[in-house]
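Below: the structure, in structure tokens.
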Amino acid sequence: MLVVMQSHATEEQIREVCKRIESLGLKAHPIPGSIRTAIGITGNKDAVDLGVLESLPGVVECIPVSKPYKLVSRDAKEEDTVLRIPTPSGDVIVGGNHVALVAGPCAVETETQCLAIAERVKKSGARLFRGGAYKPRTSPYSFQGLCEDGLKILAKVRATHGFGIVTEAIDNESLDLVEEYADVIQIGARNMQNFSLLKRAGRAKKPVLLKRGMSATLDEFLMAAEYILSEGNYNVMLCERGVRTFSDFSRNTLDLAVVPAVKKRSHLPILVDPSHGTGKRHKVLPLSRAAVAVGADGLIVEVHHEPEKALSDGMQSILPEEFAALADEVRQIAAVLHRSVN
Amino acid sequence: MLVVMQSHATEEQIREVCKRIESLGLKAHPIPGSIRTAIGITGNKDAVDLGVLESLPGVVECIPVSKPYKLVSRDAKEEDTVLRIPTPSGDVIVGGNHVALVAGPCAVETETQCLAIAERVKKSGARLFRGGAYKPRTSPYSFQGLCEDGLKILAKVRATHGFGIVTEAIDNESLDLVEEYADVIQIGARNMQNFSLLKRAGRAKKPVLLKRGMSATLDEFLMAAEYILSEGNYNVMLCERGVRTFSDFSRNTLDLAVVPAVKKRSHLPILVDPSHGTGKRHKVLPLSRAAVAVGADGLIVEVHHEPEKALSDGMQSILPEEFAALADEVRQIAAVLHRSVN
Amino acid sequence: MLVVMQSHATEEQIREVCKRIESLGLKAHPIPGSIRTAIGITGNKDAVDLGVLESLPGVVECIPVSKPYKLVSRDAKEEDTVLRIPTPSGDVIVGGNHVALVAGPCAVETETQCLAIAERVKKSGARLFRGGAYKPRTSPYSFQGLCEDGLKILAKVRATHGFGIVTEAIDNESLDLVEEYADVIQIGARNMQNFSLLKRAGRAKKPVLLKRGMSATLDEFLMAAEYILSEGNYNVMLCERGVRTFSDFSRNTLDLAVVPAVKKRSHLPILVDPSHGTGKRHKVLPLSRAAVAVGADGLIVEVHHEPEKALSDGMQSILPEEFAALADEVRQIAAVLHRSVN
Amino acid sequence: MLVVMQSHATEEQIREVCKRIESLGLKAHPIPGSIRTAIGITGNKDAVDLGVLESLPGVVECIPVSKPYKLVSRDAKEEDTVLRIPTPSGDVIVGGNHVALVAGPCAVETETQCLAIAERVKKSGARLFRGGAYKPRTSPYSFQGLCEDGLKILAKVRATHGFGIVTEAIDNESLDLVEEYADVIQIGARNMQNFSLLKRAGRAKKPVLLKRGMSATLDEFLMAAEYILSEGNYNVMLCERGVRTFSDFSRNTLDLAVVPAVKKRSHLPILVDPSHGTGKRHKVLPLSRAAVAVGADGLIVEVHHEPEKALSDGMQSILPEEFAALADEVRQIAAVLHRSVN
């Protein structure tokens, strides 16, 4: 934390701020400048809310300096985290030189639907299957998912085709069941700061895929992951899925620069969701290529064999044959980065 | 929903879109234009995801027309909802000609702290007391609240000074306890789309104060309230607390225009939180005046008698004497709008 | 500027950064911390781009500390600037205890139109008349203004009713003419960073009303004003007119908190434009009240006697009788702040 | 335009709205629905501001339907525009299967600097050279460019190495000179809605590179291009350079989805600027790969051989050897899209 003083702050005011800092058990470092004085602060600041210094006489503002995250940070672990997700057909690796493809429908609708989609995306090389059994919907009158029946269908997909299953939990109850049936527990964008749910996920035995909230800063995103790690679950992968901006031609604005930004600060892998990230079928392929080109550790893509009959998100789901083309193109782009798609 | 066709869409393509619409049990109304044709759709659209029409040949885009909310809308109830909140010192009225003042610390820290603040804000006319026993914090290492012990302190404030208590629930377990101890259940901004929690709040016996999410559109905000009403709890008040934008001089951007916008569409009362809405102590008074001037039904303000010792949000808490001045000024402004502050 | 080092930065790397800072003619102040070292910088930094330090080995980031503005800042002039605008009916005062009302149509259309509106808003106490002769329009096919003919109509309004005239200049040529005909030169939001135009306005003999750009930070807004002052024109008033955010129920998001934020940093007066700020007729009155309540030094409001025939912005123009009610209500609110409306 | 009526709008109110529409010379098409009626409008709407219908009794809102752009639209010209830019070393092609590399310093500083950078980026295959002689800077006290002397240096680079020159004009005067010296006239983000400058560029004999404004919607971006085409200059290439959002880890948020969005609506080529788009040196390479992968028609990249001495933007400039690696990687990615880098 750095406290910036007014240009005409008095010696007395500067001394007063230093005294206050030291009364909090910290150390003050005044830096006299040609125009104004700034005061650096060192020591353990976790317990105190330093912003309050901003209201002392003579203070212009307080500027936070050190980042609040610990376990997710490269300071704590320098090398990339590489996750191994056990599935019936062997481990799927996420991170390092491996780019993971996660594919499947937005919502689990019927066993026939899921098996049909699974069979096709498997041919394109996907080894993780996505599909929502619990659907957070803006309207209480929209389809809310098949719940445990949906999880049973996913278990069938798992058993039949050897997929690892990625599916969303929306509260503690559903998380208990998702942990039982699935291979990766997804926490959705709307729940990125549902701290009760994050703590519960931190006590789960399965890896967690954490989506970025619609208006989450990078620090908030990493701190949400920190909640999970701080409870003991180190198997976390992040996922960018678009943020909310004024830009109105797509459902969200896919913030691909977050990928190198995360990689600079954290050892955790990060995937990209081009389906929610754009909300438009014709943008899924180009943004998937871009995501792999920017360095993402995987893609999570909505695929439906009959999108015009989908109970949700039909508008952004691509066809299995479009997914096949996508898999082929991203494979070539991954090769440019010396990575392989599993 | 309106489907806009390309300027050179063929008759065949237009017919195909109409056929698809009618196969979904809806009615298509083509409107030929000088440049292009648009197709209106009528009928019950809840069950279907019409966005998928966007992928048919010849279609440019789908534009939603009717608003998705029902119970919260003025179509359902034309006159303003006026809530009566029973407290030990009689009912507090929110809405209509009454402007409510809710005041208290960000977090419940000790009984002494709460009683000291309560005594002072009572003198300024506040009859509802706020204070967090469960604190959603960005960092897992920050103070997370006193939980049930905090609720007990609030119960003491209630009994001693006759306040109605407003406090936040962050998950189903805390909601059970908040419902027992408090007079108004607060759902925070981060949980505005925690639909499990909204449904639980919809089954509660106490009124709910629902804060707007940091990047919630007006429709999403009203739909979150719709979740609560649709479960049977009609005693909902909304609360604007600032949204997230590029503007970096304040913690959030307080979107006061949402007040007349809500009043145009919905019968529910709406309060404003100038403390979170600005994040800076010196902005709380001017924005409180502005909120009452724009027509808000109440203010929820963070007050602390020793903000420099606060465990959270000290930077945006005002002193009890500042709150007294605030209460005085907003009372005068409310009078200009022919309203009274309770 | 503060340079933050990585937690495991070596002594060597820290020395290297300090050496580089000093090679730029500045002074380095290392502050060793328990986790990492930060390095404060003092000296005259105007000529150098310090961001480049961010790419040195061991550096995490560079955090700017001192604000770049000088003449607009309260450091340069502590007391409020109060402008006196000479008009045929005497000086109009902007700033201090005076709240100015600027009213008139979006665009100058005909002499009859302008005189009709002028006559009516004069009755409500407005002494400054607005109206665009040069209209920056999103589409090249929209009405672009009457240009000099429009300025002549405004001159007629001035002569007939004694108004001071506020009108927009969009390039150097139009500024020459606006300077000749009008009393206040308006620089619109789209031109807030048209630095050629700002410099020309800084050499003008008339006061300037500078509107905030749609995505301007507070620093950029004040720096745009600094361009004008740095050329010698100290008669500048700022104007908030809404910023661009995700929030889609109004045309822009009116950022009223900018008023106390400007007043904290700068001595310049600031007005609010509730017409462009909301884009909706029914929001103009409540947001006008809020703007005066927050402490704005004036309002600039679009008024049209036949808004349904307006050539632009009919949707956000209010009727003269609505303006009369508005003037009455803001007068009462100004009184609460011990200010008077001229 | 579609006018949506309230659910309890009377027959009389609907008739009134239709009458008003027809009095404007347009045709009204009422579409009765199960909940409410909507009214479609057809006819030539350019001359009228239909938003005003929103204030008629019984109207909920007006929803624009047809897009306002004409000449830039695929409706006007279905096939991609492919620009040929004559340079001393032959035509450079932008669009179609060609991906253009534009490279050079942020600002022209000295002849030595420019020649040194030019020599190196030429080796990596760049055939267009960028460098600012007129610099729009947030602060009036920052380096504002060498003006015509800078253009003369660029002419030397052109003559010595055969480059086509891309450089920015900031007002009508500088545009006259830029048109004389350069091969492509750049209009910067801050001037995207400087309509006087756009019209002047539309009368220029050289191609124009138009950068997207920091908060420009896609429609505004295309309408700005429409200003240029409507004056007769059809040689326009667009450029995405990041937009302003809440996301604070990079200088701007690079909105790559705009590339497929532009290509769906318009025939114009679109480049990407990963340097301004991210503002951080270490993000330039990954975002350059992503831009080519998403389908951009070129990259405009800041390269400096001594970034730590740059007079502006040193923080985001990459070294010539980094540019060589970038050119190599994007060449491989372009090949995946069956395109070649010139």
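Order as written gives the chain letters A, B, C and D; numbering starts at 1 within each chain.
What we mean here is this: a contact is a pair of C-beta atoms (placed from the backbone, for glycine too) under 8 Å apart; a residue touches a chain by one contact, two chains touch by 3 or more.
Predicted, not measured: the structure shown is a model, and the values here were computed from it.
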Per Cα centroids, the chain farthest from chain A: C
Which of A-D and B-D has more C-beta contact pairs: A-D
Interface numbering overlap (same over half, different under half) for chain A and chain C: same
Separation of mean Cα positions, chain D and chain A [Å, integer]: 30
Cα-centroid distance, chain B relative to chain D, in whole angstrom: 38
Sequence positions of chain D contacting 2 or more other chains: 215, 243-246, 248, 282
Residues of chain B defined as touching chain A within the complex: 20, 46-47, 49, 51-52, 54-55, 62, 68-70, 136-143, 170-174, 190-191, 193-197, 199, 214-215, 219-220, 223, 226-227, 230, 243-244, 280-282, 307-308, 310-315
Touching residues on chain C, where the partner in the complex is chain B: 215, 217-218, 243, 245-250, 253-261, 264, 277-278, 282-283, 286-287, 289-295, 329, 332-333, 336-337
Contact set on chain D toward chain B in their complex: 2, 4, 6-8, 29, 31-36, 38, 40, 42-44, 63, 65-66, 75, 244-246, 248
